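Next come two complexes built around chain A: one with chain B, the other with chain C.
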Partner chain A sequence: MNGSEHKLPREPHRPADDEPTVMGMDERAAWVQIFAFAITTGAYLAVVIPRVLNDPIDEVEWVVPLLWAMGLSIVATILGSIFAGIGGAIHLTIRGLDPDSELASDSRDKAIARHARLRTYWATPVVALGALILAMLDVDTFWIGSFIYVVTSIGAIADAVVRIRAYRRGFVG
Partner chain B sequence: MTVTERTTIVGTILGLVTFLAFWTVIIVRAVTDDVPLQDVEWQGPMLTAILVGGALYALSYGIFAWQARGTRRSDERDYEIQRYAESAGAGVAGLGSLAALIMLTLDVDTFWVATTLFTVGYLASLVNSGVTIAAYRQGMP
Partner chain C sequence: MTPKPTRVTNRIRALRTERGDLTQADLAEQLGVTRQTVIAIEQGKYSPSLEMAFQIARVFDVPLDDVFHYGEGDAN
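Right after this comes the complex of A and B.
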């Protein structure tokens, strides 16, 4: 394709009108984040809800499932982003484009991350205040821990949804 | 000074007073009753601190809003600054929630979990107001 002698990072190519746009690395990571958090949190709830229904609440074993869910959501986000990046790079190479410059983050990615952060930070104070109220009511630690984990996860999913919305529809709302 | 800037400054002072009042009550109870800190009846003082602090903050906001009645109270800049500062404070509160979650999995006494959340929540509100005031004085990055 274009000459690759120069040292400076190459500009992403200018797509033609009918050409599909390239999904950058940050947008791929946002998709991965949605699925990683939805699946691990769903699995956590699927494990603990039957236990809550069947056992007395102070005997419910929730710590091990929670640690697994947290660990797996982190691992899944990292591995998923790597695989999404490799897949994208292979596809771009087949299309004859330079994967490095096409997938790289730019100032729009930064602006979108900020846009999403400013619209979804509410999850954090909700978690802190809710956990504080639950602790004051002296409910079982299962409820406090699960509340923190599930609402934080909802916040992460909301953040990724707002980012993808910004990528596809622009900075609205 | 806009209404937001005024309420931020008053809120910082109110936050400091309620935070210190809560700890004074807890420590005085622990010392006078000669019990360990986590056995003190802490729920009542904490609830009172949050409710009274919140009510005074709401009252001060109401007064400032009433003084500025008939004028435009906040514009796009106020809105941006508020959002920016709240997300900065939320970052600190997030650390507190993570710490609380770890403490819960380690089965620490609920008193310490609640105290961590309360203290970090207070620090987050300090970050929030500090960033707000700095943004009014020096602009946003």
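Right after this comes the complex of A and C.
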């Protein structure tokens, strides 16, 4: 048997016009960001809400769960993006397309990221103003810490949703 | 059908066909962008920057308004 006849993965070929491609790295990272922040924020709330309902608010242990949620959301975003990129590269290699060019980022990705930052800029002042108001009301630190974390997570999810929408439906810079 | 986000239309696909030998991948390489971006521009899902628009016109060696048109459409 001639080894070159059954070579796997195939040698990259020049893609034909309209040959289906896969999601670029930036769009993959946006999907990962949605899942990472939704799951970790949901887990944080699932841990602390029963405590809030059952314990006096000043005895609610929230710092450690919050640190875990923050750490895991960062780690999950990084590892998720790496694995999503590896998955895309394997898929493209099997199809005989060059992963470097098909997964690369370009000026459109940068423009979409900038567009998403502008659309979700509200998260920063909402966090700052909300935390300030809660501090003025002298509420327990649980409310301040949780408010900052949850609104920041919502902002990160909104950022990713805007980016995916731009990739899917189109975008005018 | 999702409305197109721009009123800018283009003749890139037609110009590529006239050239005969220029694929989306070739054009992407010449512009320094990904094939996805060329596909998005051709489908009217992305309006390139003015600089890239001039680069596209230069690839085909035609004036800018032979490539891009601004007309009536579904834009916001």
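Please note the rule applied: the second predicted complex is superposed on the first by the 151 of 173 C-alpha atoms of A that agree within 3 Å, B and C clash if a C-alpha of one lies under 4 Å from a C-alpha of the other, contacts with A are read in each partner's own complex, and residues count from 1 in each chain.
To be clear about the criterion, contacts are C-beta pairs under 8 Å (C-beta built on N, C-alpha and C of every residue); 3 or more make two chains touch, one makes a residue touch a chain.
On a predicted model such as this, the values are computed, not experimentally measured, just so you know.
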| item | value |
| --- | --- |
| Touching partner for A:Val127 - first (chain B), second (chain C), both, neither | first |
| Which of chain B and chain C A:Pro56 touches, first, second, both or neither | neither |
| Partner chain(s) touched by A:Gly145 [first = chain B, second = chain C, both, neither] | first |
| Overlapping contact positions on chain A, where the chain C interface meets the chain B interface | none |
| Chain C-facing residues of chain A, complex | 14-18, 21, 24, 101-102, 104-108, 111, 169-173 |
| Chain B contact footprint on chain A (complex, rising order) | 63, 66-67, 117-118, 121-122, 124-125, 127-129, 131-132, 135-136, 138, 141, 144-145, 148-149, 152 |
| List of chain B residues in touch with chain A within their complex | 43, 46-47, 50, 83-84, 86-87, 89-91, 93-94, 96-97, 100-101, 104-105, 107, 110, 113-114, 117-118, 120-121, 124 |
| Complex interface listing, chain C residues touching chain A | 2, 4-6, 8, 16, 23-25, 28-29, 32-37, 39-40, 43-47, 49, 52, 75 |
